[in-house]
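Several structures are given next for inspection.
The following pair of complexes shares a single chain, subunit A, combined with subunit B in the former and subunit C in the latter.
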Partner chain A sequence: MYKYIIRRLLQAIPLLFVVSFVIFILMQSSGDPLATMGGRMPPRAEDRERLRQSLGLNDPIYLQYIYWLVGNDWRMVDSTGDGEPDRYGTRRGVIRGDFGTSIITRQPAMQVIGDRLENTLILTMTAQVIIIVGALFIGIFSAVRQYSIWDHLFTTLSFIIYSIPVFLLGIILIYIFAVQFRIWGLPHLPTAGMYDPIEGRSFGQVARHLVLPSLTIAFISIAGYSRYIRSTMLEVINSDYIRTARAKGLTERRTLFVHAFKNASLPLITLIGLDLPLLIAGAVVTETIFAWPGMGKMFIDHLNRSDTAVVMALLMIITLAVIMAQLLIDIVYTWLDPRIRYD
Partner chain B sequence: MRIKRLLALFAVLIFAVGAFAPVGAQGNNAVVLYPQELDNLNPMYSSMFFMGITTDLYLAPAWNFDDALEPNPVLVAEVPSVENGGLSEDGRTITLTLREGLTWSDGEPLTSADFLFTYQMFSDPANTPNTTYPYGEADGIIESVEAPDETTVVVNFVEPFAPWVATLFTAGILPEHILGPEFEANGTLIDAAWNRAPTVGSGPFVFAEWEIGSFMRFVRNDNYFGNAPSLDQVILRFIPESDVLLATLLNNEGDLATFIPFSDVPALEAAGLEAQVVPSGFNEQWVLNIREGLAHPAMLDVRVREALALATDREAFTENALLGYTYPAPGYWEGSPFASPDVSAPPFDPERAAELLDEAGWVDESGNGIREQDGVELVLRYVTNVRGIRQDAQAVFQQQLADVGIGVELITYPSDVFFNGFAEGGPVAIGDYDIAQFSQSPSFPDPNTTVFRCGQIPTEDSPDGNNYRGYCNEAVEELFAQSERETDFDARVAIFHQIDELIAADFVFVGIWYDADTWIVSERLDNVAISGATPFWNVADWVAN
Partner chain C sequence: MTTQAHDNSAPVQIGAVAAEVPLSNRQRTLNRFLRHRMAVFGSTILLCIVLFVTIGGVIYSERDANFNDVSRRLQPPSAEHPFGTDTIGRDILARTIYGGQISLLIGVTAVFMSITVGTTFGIVAGYYGGIIDALLMRFTEAMLSIPTLLLLLVMAKYFAGRIPTQELFGRTFSGSVIVIIGIIGLTSWMGLSRLIRANVLSLRESEFVTAARAIGASDFHIILRHVLPNTIAPVIVATTLGVAAAILSEAYISFLGLGVQPPTATWGNMLEGSRSHIDNAPWLWFFPGMLIVLTVMSINFVGDGVRDALDPRSRE
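After this line comes the complex of A and B, so read on.
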């Protein structure tokens, strides 16, 4: 098993190089960071040229990638944009832990990301808990009470919710629970943000602001997850060993949750594993709608302005998270199903 | 039954969390909603509109502009003029006399040395500022800046430079006692912590907190040299999604916002919010390409360009798509005193348009509905960037132009491609279009612009120019040169009226709509008088009820 884990980790290294190179090339075609610089008018051509030179954007792509990877402190660069190299570069490169500087905020990329990670985890982990609990409840209930009125209701609702775009669902929830509830004189929820800046950050404030975005994410995922759980549970509870368990006189609860559910959960683990990196990546659309200051919103903000340093750093972290999550799933499989062996 | 109980529990939970605390803008504060988060708080490192308007909160300029767009002295005792001796007769020297007793928020004196430092930082390329204009050596505008004593700043120009009032020391003065040591130690301000946390400032409010991705808090500056601000705090909240920003305003969670689509204004007014429409200098327009060899040959004929204006019902478009909150801009300087009263928007007159096209020799001989001349069909490239209202305009005007026999190919680019410069192959910059639609502004509130100047037509040898029309009229050129030397305001207005009239006659500008900014202000706030140039110029006077 240990050999397997070490082998998988070693295999990840060339994969990370390939992924980083491909993303870097793609980033170059995502737009020009100096086209508008966030302004209402394009910058003057002379300022754009000076900045392009001093920020190293005039270098060939392969050289920019090398600088990103190993830094540029080994050669002279033009820091003033006058076309003459005047001092040694200051970048140390990703392999020495320097992911570069954001062209927008002029901060180290990892600091930009670090500021948002906690916020995203608050949102995505809350949503993930709601998803797992909700989907398990609905999925198992629908399987056990197959073709009951509740099963039909959940099935219909699942299809409706699953087909609503997350953007629309978020806006609908805001207009109902924030705007209309207030108009009707009911206790209402805030529209956006993570807490009221005047009230300050507190558990209660974050909890109130968390309700709508976490439910927006959860509703759609529950709809999808619960269908998987329903079908795998149906398959398992109709199998021979469950009949045997019942014949042995085990309680229905023990039969379902110990014998049936453990075997039915393999596909669920795969699904959760695929979603794990999203816990870090954040929910791009939901965070943007609800102005939740997380990684997803940051990703969009920086991608829109072609901020290579931050986008690259974030995508590399997500790539690493995907690799680690897949490894984790493989390990969990062996525990859930002893027939699976890697050695 | 269990499910019903669970659903009931869910509803109760939402209500319980909802009842935690009241929601909304409240207390002695103002909550301003921005659709974009600021990138930086050092004016050297941001080109963002929202950053530009925020500096008045925490960083005092020499002067800002009031709601009538008149210069309002802040750090200076008087705005320089020939009458008060601040501006030399030849227009080459400006003397700023600072107010007595100016201080930074930490109690340190704010002096002419801070002005000198600001000039040095903006003009030093080692700082990699977003723009060096107008301070940079390469810009060739300023000869020297001197600080003969603590309250006097003297600026000497290479040539008379009339646009100084809108460009010089208006973005906020930098604190030398904080940033000077940083610059000496590192040779650049690029990494200064102050850039993102300017805890020492000079405005009526001082920076207190930036919750990244969420909001920024400014608290009252107790050492402010002007009238003490009435509000305790000004909070900027960042809400990128326009529907949610609207909901946040309707929900009383914000007091002020701008960039509100005209279509949302009726709902906000019905909810008791006030809309203030202020000139921003911007006018949505057709930039008509007359660069020979790049533009369609028909575009070189002024009759064809006039026909384009006459064939399109821009009045009806503003009435229907923009709910009548605006109108077609007659000229480039609409919304300012520099717009000539004798220039009016061309009317919708498709018959006259057809006559003009016939006169110009563009007729539909083949009967396919498209006019042609010498085997060349009159099909024009109409380009814009991705923005719903612009694409709506494209579709409407395409139909109207087709009605008079002009074919139009609609092309839409992402913003970063569309606005690229000549060197980067931007479609407008390289002249790969006939009609380009976007919003442009002069150095508002100053009327100066280079987009009609002969020397600004971009070429391989001189790619920096921004005269994308390729327009060059010697009479206009001479008037622009005169305007740069003219220091008398009224005389300058008269010059721009002539420029406006000449450009209107040449039909290289067709106004689509007057692109004023709409600010929404809650009834909770009093004394808010938004200025189109510096919206928060009187933020110290704002009162919350």
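After this line comes the complex of A and C, so read on.
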């Protein structure tokens, strides 16, 4: 087992290199990070050139990547932009935990992300809880009452919801619960931001603002997950050991939730584990619609302004999270199903 | 393609078929598909949507779709503009028709690309094995570990404005359409390639491949005539479902403003900006939105039917 974990971790290293290199090249050669500098007053051509030189944007791309990776404190760089290297660089590189400085805010990339991470986690974790509870309830219910009216209803609904793009679902929810509810004189829900600026940030405010975006994320995943849970539950319910459990007189509840559910939860673990990092990425769209000040919205903003440091840092964190999640799933699997062994 | 595939694999399956009614494999597959009610329903809707964008294209010209008149902006649906008008006074019905053509075109061509790449990688990795397999699969894993939407956005930004506008079949295609087709095609092949590799790994050891090799068939011949036809089922299923996924991907990128650029309409970019008019102009998002949902849903139904129809284990 330990050998397996170590091997997987070693395999992840070249993978991260490839991913970072490709994205770095795509980012550094697209758009002009200086385009939005100076606001309405574009910098003069010679200032611009000096700025490019001092930011290191004129270096060959492989050198920029090496600086990003291992830092540039071992080499003389041109910090004044006059074409002459004058002092040692100050960047320490990703390998030593320095993800560079945002070209827009001039803060360390990690700090830019850290400020938003909490907001995204509040949104995605709430959504995740709704997803797991909702999908388990609907999935198990449909499996136990197979071919009942409710089962058919949930099947049809999940097929429809699964085909709706997230942003459209968000718009529909806003239209119903904010626009129409206001017209009908019902208590309506807020649609933008995390809290009312006048009321200030409080638990109640954030909770109210959380309802629509978290439901938007949750609905689509529930539609997908509940189908999986239904089919694995059905498979397990019809297996011999469940018949045995019933035959020896266990209560239906104990049979379903202790004996059947443990084995039926295996595919669910995979799904949740693999989707968790993607959920954070998927929040891009939801956060844009609901103006939620999280990482997803930040990603779009910084991508549009070619802020390589922040975009790279975010993508690396998410990629690492995906790899770790996969490893964790493999480990949890051996615990849930002792028949599975690695090595 | 289906027929050929099954004719080729017929010798292998003879044992299983011999005792039953002598229907050809093709007929049996078709029968199974037609018995799948949702799949037939999906095909019907899909046909209606295709007719909508083609016949509509005869009635309205592309000029109508791109003609704007600010004095008639944000008009609700009326006899003159059945779907209303958008923020700069363009007719939404005409735009859903031409947007639909582009959305469907993107869906189909992007999938064609992703299937080509996925099948090639899967077969080469599975058939040759060794170092080629290791390299290709590490590359596949690398691609799989970046969230697709984020990768799509980064690539859309990279290629934006790099492809000039193209003239094809007497119509003008914005370069961004080609960019979107390319990036969706290049970021959606991984799942299929893993599936095919696994299939090919087991096919490679089968008797008929050994026999073919024994009589001196070339690798190319074996792959084309013996391996590929036997792994065609997942390819067909992936193709069908892939079209739906590609249409959705286009909608996401365009909604975020990095996709197909106006004036060229797609269902996705028609929804961009509708966020600010949810309350006063619901027709802005309702019509293109519903068309996306209907299309994706019916393709998913059809894909489901195709999967069941091609599955040799499914009952007669």
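The criterion applied here is as follows: the second predicted complex is superposed on the first by the 320 of 343 C-alpha atoms of A that agree within 3 Å, B and C clash if a C-alpha of one lies under 4 Å from a C-alpha of the other, contacts with A are read in each partner's own complex, and residues count from 1 in each chain.
Simple rule for what comes next: a contact is a pair of C-beta atoms (placed from the backbone, for glycine too) under 8 Å apart; a residue touches a chain by one contact, two chains touch by 3 or more.
Treat the numbers as computed from the prediction; the structure is a model and nothing was measured.
Colleague: Once subunit A from each complex is brought into register, does subunit C clash with subunit B or fit beside it?
Modeller: clash
Colleague: Considering only the touch criterion stated at the top, classify A:Ile160 as touching first (subunit B), second (subunit C), both, or neither.
Modeller: It touches subunit C, and subunit B stays clear.
Colleague: According to the stated criteria, A:Ile171 is in contact with first (subunit B), second (subunit C), both, or neither; which is it?
Modeller: In the superposition, A:Ile171 contacts both subunit B and subunit C.
Colleague: Is A:Val179 contacted by the first partner subunit B, the second partner subunit C, both or neither?
Modeller: both
Colleague: After superposing on the shared chain, does subunit C or subunit B touch more subunit A residues?
Modeller: B
Colleague: Return first, second, both or neither, reflecting whether A:Phe24 touches subunit B, subunit C, both chains, or no partner chain.
Modeller: After superposition on chain A, A:Phe24 lies in contact with neither partner.
Colleague: Answer with first, second, both or neither: which of subunit B and subunit C does A:Asp115 touch in the superposed model?
Modeller: first
Colleague: Quick one: classify A:Ala207 as touching subunit B (first), subunit C (second), both or neither.
Modeller: first
Colleague: Where does A:Thr319 make contact in the superposed view: on subunit B (first), on subunit C (second), on both, or on neither?
Modeller: After superposition on chain A, A:Thr319 lies in contact with subunit C alone.
Colleague: Which partner does A:Arg48 contact after superposing on A: first (subunit B), second (subunit C), both, neither?
Modeller: A:Arg48 contacts subunit B only, not subunit C.
Colleague: Scan A:Thr288 for contacts with subunit B and subunit C and give back first, second, both or neither.
Modeller: Both partners, subunit B and subunit C.
Colleague: Would you find which stretch of subunit B runs into subunit C in the superposed arrangement, from 8-16, 206-214, 296-304 or 314-322?
Modeller: 314-322
Colleague: Of the residues on subunit A, which ones does subunit B touch that subunit C also touches?
Modeller: 31, 171, 174-175, 178-179, 288-289, 306
Colleague: Of all residues in subunit A, which touch subunit C in the complex?
Modeller: Touch residues, subunit A against subunit C: 11, 14-15, 18-19, 23, 26-27, 29-31, 159-160, 162-168, 171-172, 174-175, 178-179, 277-278, 281-282, 284-285, 288-289, 299-300, 303-304, 306, 311, 314-315, 318-319, 322-323, 326.
Colleague: Tell me, which parts of subunit A touch subunit B in their complex?
Modeller: Touch residues, subunit A against subunit B: 31-32, 35-51, 54-55, 79-82, 104-107, 112, 115-116, 119, 141, 150, 171, 174-175, 177-179, 181-182, 186-199, 201, 204-205, 207-208, 211, 288-294, 297-298, 301, 306.
Colleague: Note which residues of subunit C are touching subunit A in the complex, please.
Modeller: 38, 138-139, 141-142, 145-147, 149-151, 153-155, 157-160, 244, 248, 251-252, 255-256, 271, 274-275, 278-279, 282, 285, 289, 292-293, 296-297, 300-301
Colleague: Taking the complex as given, what residues does subunit B use to touch subunit A?
Modeller: 3, 14-15, 17-21, 23, 25-27, 29, 31, 36-37, 39-40, 45-49, 125-126, 128, 130-133, 138, 188, 190-191, 195-196, 211-215, 217, 233, 235, 237-241, 243-244, 247-248, 250-253, 282, 414-417, 419-424, 426, 439-441, 458, 463-466
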